[in-house]
Amino acid sequence: MAVVNGYKQSENEKKLNILNLPELEQQAKEIIPTGGFGYISGGSEDEWTLRANRKAFTHKQIVPRALSNIEKPVLDTTVFGFPLKTPVMMAPTAAQGLAHAKGEVDTAKGVAAVGGLMAQSTYSSTSISDTAAAGDGAPQFFQLYMSKDWTFNESLLDEAKKAGVKGIILTVDATVDGYREADIINNFQFPIPMPNLTQYSEGNGQGKGIAEIYASAAQKIGPKDVERIASYTDLPVIVKGIESPEDALYAIGAGAAGVYVSNHGGRQLNGGPASFDVLADVAKAVNGKVPVIFDSGVRRGSDVFKAIASGADLVAIGRPAIYGLALGGAQGVQSVFKHLDQELEIIMQLAGTKTIDDIKKTNLLGINY
Amino acid sequence: MAVVNGYKQSENEKKLNILNLPELEQQAKEIIPTGGFGYISGGSEDEWTLRANRKAFTHKQIVPRALSNIEKPVLDTTVFGFPLKTPVMMAPTAAQGLAHAKGEVDTAKGVAAVGGLMAQSTYSSTSISDTAAAGDGAPQFFQLYMSKDWTFNESLLDEAKKAGVKGIILTVDATVDGYREADIINNFQFPIPMPNLTQYSEGNGQGKGIAEIYASAAQKIGPKDVERIASYTDLPVIVKGIESPEDALYAIGAGAAGVYVSNHGGRQLNGGPASFDVLADVAKAVNGKVPVIFDSGVRRGSDVFKAIASGADLVAIGRPAIYGLALGGAQGVQSVFKHLDQELEIIMQLAGTKTIDDIKKTNLLGINY
Amino acid sequence: MAVVNGYKQSENEKKLNILNLPELEQQAKEIIPTGGFGYISGGSEDEWTLRANRKAFTHKQIVPRALSNIEKPVLDTTVFGFPLKTPVMMAPTAAQGLAHAKGEVDTAKGVAAVGGLMAQSTYSSTSISDTAAAGDGAPQFFQLYMSKDWTFNESLLDEAKKAGVKGIILTVDATVDGYREADIINNFQFPIPMPNLTQYSEGNGQGKGIAEIYASAAQKIGPKDVERIASYTDLPVIVKGIESPEDALYAIGAGAAGVYVSNHGGRQLNGGPASFDVLADVAKAVNGKVPVIFDSGVRRGSDVFKAIASGADLVAIGRPAIYGLALGGAQGVQSVFKHLDQELEIIMQLAGTKTIDDIKKTNLLGINY
Amino acid sequence: MAVVNGYKQSENEKKLNILNLPELEQQAKEIIPTGGFGYISGGSEDEWTLRANRKAFTHKQIVPRALSNIEKPVLDTTVFGFPLKTPVMMAPTAAQGLAHAKGEVDTAKGVAAVGGLMAQSTYSSTSISDTAAAGDGAPQFFQLYMSKDWTFNESLLDEAKKAGVKGIILTVDATVDGYREADIINNFQFPIPMPNLTQYSEGNGQGKGIAEIYASAAQKIGPKDVERIASYTDLPVIVKGIESPEDALYAIGAGAAGVYVSNHGGRQLNGGPASFDVLADVAKAVNGKVPVIFDSGVRRGSDVFKAIASGADLVAIGRPAIYGLALGGAQGVQSVFKHLDQELEIIMQLAGTKTIDDIKKTNLLGINY
């Protein structure tokens, strides 16, 4: 157990014996300090959208297909030109030092071990280069919370490029922070520094709440900003936080190389739709022009399958991986992804789909429960 | 703590540290005497419509809009020619002396402090002029429960006008009282006098139940009554308790300057629709001819947003403000409105809407949960 | 407390202070012996249809109508040529001696006191003539469970006619008894004799279970039977247990003077639709040719309103009246009907309907909850 | 109580006093060891599909039909040329030695006693010939989990034929095992040998988990395999595990003599539709070309009725019969089938259907609850 500014960080390093991802939350709660756990697990307001994110998957069903002549389904896929061993990627999740002393470095190792794609957050607890180095050559993306200060934005883009990061995820749905009651109840302030913020004059995030952190970020974001970032960097720019066909088209029109459908895990606009409920319409608007990434509420192999069948090319998880990180470090993260892959493989076989492309061609049923 | 006829009134005067409006109910329950609390919080019959009022907001969702190029949303709006700092107004709520010794006077102060619109009830615990004076120049409306006695109606309209009130809200959905079980269980009778009733020969309401009070009011109300009141006063007359396109058109045809969609907070016709479920159809019928006010079940900034996006120009709250009054007097009321405005601002930013007019142009999703 | 064959019967005679009808069930449970209470309250199988009977009323909503120029709604109605003071009638409910020593005699008195219509059951605990005499000139119907023995059927029809009964309700939905688990658990056998059965050689029902009782009744019932009964008696014959447009038309074609929509209070075909869910379609098929009676699940004034607005001319209650009988005898029954009338009056006023005919012209909303 | 490899098997032999099938699960839990009970009762993942299998029956309702002129409904039906006394058959359920020392032998006796159809599983605890001999001349089917080893498949088909089995059920929905959490929690391994597996070199299944067992089975199954099996045997081949119109047509095209709609009791693809929710569409595609068998979630006579009205010719039960086996051996199984038949008879009478063919002509209502 490491202690930073009075905050106790897990130093676990072990494989996990995972029954299912949902049960990790309770286990993680026992070792992550209250404030950190509230920040990680919580949604905004009364968490209706957070719960809807899970419930929405029951709106569609996967029809078992029994006579499909397939065996040994393969999870390999190539997205943005990167060959991956799994369509499940790591969502850019902030402040992983809240869960583990090694933070994003361990997450990167765990994700690399399964051949997945890692995304770093602007608000990481480890530096871009440290996280990148830990990834062992596996592809990583860097997520940018756009600052009001373009020098800062550009320096982060430069640093990401230099560190070997392969893509930029520009988050646009967090121009203010959602009203997160757990953080208010816990009077939560980040105890762990955020190395990427040290280039600000205002410090490294330590001792600040999420509202203050976001205050340094740009509130006014539009297609022109996407365009400017896409022009500045030669990395592909994926716009994250898209929940409407309109915004997807704005993003693509502005040069986005990918559309990331997400409601920020139910942490931003409560009263908004479940992310899965809008995925198919957004994907239809994108119409294959660029890859689609999806997150928010994914906990089961069947969720991953349903998302891909609804138009996603990659499906990201956040909280479950963070819980795995807390419980087992890099190996814990690896266990989480392996478990989800295992569930997905079973579903693929039973749904008669040998490849990720087969999933994409699958029609789901829509009996509303 | 003041005591009137054995009823204990709060005298709190303090800012409230509000997490969310729903939690105020439990806090208020601890300081408002049982009978008063039952009267304030209760609905009619088994409270199906009361609960539906909350549930209905989940029938529509606000799509996060990420690339809208906006920041610092403004809540200012002008309705009935009055510039307001917030689209959230105070519903005309009876007998506020049940919650606080200062009653409507404190509510008026709290509402004025946030730049909102205050509505007084015929059954106020303070007089029209006292409440009006407390409002510090901020606009106030006076709500009329039409009496069978037109001399009485006219004298109240005169008094309102004289006190500087800017509009009349004519409540038409309470020609009898809904079957409110809490009041029956508590054998509730108003312990606090109602100054506006002293012009009746029957007294000031003290010691009477709501059924007796309503018995003095007119049961038979139609467009001609709206017309007569609208002709008598030169103040704008808003008809409250409209739940159908038909009644909205009757009201407008009879000279109403506004339509107030409400089911009386689930206190009247149980088994009727949730107020939010009918708002869009009523607003469509009104078609911009006059402003639309909405209430019943509003507790969150997202509710306010959804109501405005469904056609409301103003959104009123009742119970939460009364709980704020009990817990903190004028400052408590102010805290309630400020909190709701804060939630609304966050939603507006995340929904990509800078102004109240932008909200009006927003299309909600309709995935039924 | 009277005791018959070891079964304890209530002898209460008092007005009841009723908050609402649903709460009577628990109160009655405390004074009705277990076997009797199980028989009265239970439904068939897992009681899905019993519960659906209540839930179905939430499928439709009554729109408050505020500007309707009405007051003092009147519940008077004339059905089958009989002027009634209320559209709520007593359902033909068996074996009321289970609830009270005076049985149907007291029920008849209570119903007469409110100016309602009483229906006796073939399986009554009191004789046709005794019950009829207790009704004090108020109209009564006699419900016939058709026997295999036509001599028996005809003698009952003769006896009913002689006793001054005004109509025959022919129950056709109970050709076998539903699978009622409470009766099986309690090993329930009727402890109280059924005078109408003494004309059978097999006895008076005492000591028999409902399956044995029904075994004496005809299982094979069709339009020809309706026709034969309608030809035999000059009283109007209402066919009870209709849940489909087809059966309604068969009944009318065979000479039925009325159609009684009911699923026997959820006691027969579990897995069948809620009675309210089929009412509108049946009434549409009937198309005003004969009056429509409705029962199953009615507990609130709003339920009565919704049923009438959906095509019912009369709305019957069973269990709540029986609970009132147990708790207060004739006065208890009267209290139950008065309470329901009171709730209905409030709903009528708030829905802008002065008469029962006005209710019939009302369109309900259909927002599914 | 017999003990095999430390596993305690029931040796009960008695008629059961059954209130309803759902309550058997709890009773059986008390006498079946934890691992065995988890294997029998469990579904896959979070058991959403398992629960949906039950819930789905509420999506359709059986309209009571009162004037149908019928009595004494008969359950006799002829399917695949076999006259049966009931449309309810025994699903091919594995490893019945987990429930009772006599295993499938007792089940076969119980099913024969009610004149039903018995299906043996490849993974039976008793041999094909022993089970067949116990059936006393009543028709039996043999269910095949197709092995990778065609010699093995053919030898089982030969053995079934030789034992007098009348049909082959080819299960195609279990090319891998669903992710069954109960088995993982219990670290479940089959304690009882599976005689049909001894022809494998790998042993008799004892001490293996379900994943290992399935690993010996073919994963890659397509229409060609159906064709090959249908050509090899002159018994009718029914394909089990069909949930889509497409697979039904593939199966028929490949020579299937029947289509068996099932989601394996919610044990395979969790996140898939309830079996009843897809039945009508599959049956429509089959269009009477071959008989349709249905299972998954059947517990009530009304479920059987709804399935037949939706296109099933036979309706199978699994778990309830196994619970009956544990509680009462052959007589317990008989009691379960008799109880379900009794419920079905009541429903048939109340729905106005005298024969199984009448049920097939019945239109269900579709009010979604």
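Brief remarks on what is shown
Note that the chains take the letters A, B, C and D in the order they are written out, and that residue 1 is the start of every chain.
Methods note: a contact is a pair of C-beta atoms (placed from the backbone, for glycine too) under 8 Å apart; a residue touches a chain by one contact, two chains touch by 3 or more.
Because the structure is predicted, anything quoted here is derived from the model rather than measured.
The fewest steps needed to get from chain B to chain D, moving only between touching chains, is 2. Where chain C touches chain D, the two copies mostly use different residue numbers: shared numbers make up under half of all numbers in play. Rounded to whole angstrom units, the spacing between the C-alpha centres of chain A and chain B is 43.
Spacing of chain A relative to chain C, judged by their CA centroids, is 60 angstrom.
In chain A, the residues that touch at least two other chains are 368. Pairwise, the chains that touch each other are A-B, A-D, B-C, C-D.
Taken in their complex, chain C has these residues touching chain B: 19-20, 22, 57-58, 61-72, 300-303, 305-306, 342-343, 345-347, 349-351, 365, 367-369. Chain C meets chain D in the complex at residues 45-46, 48, 52, 55, 172-173, 175-179, 181, 184-185, 219-224, 226, 239, 241-244, 246-247, 250-251, 254, 263, 268-274, 277-278, 368.
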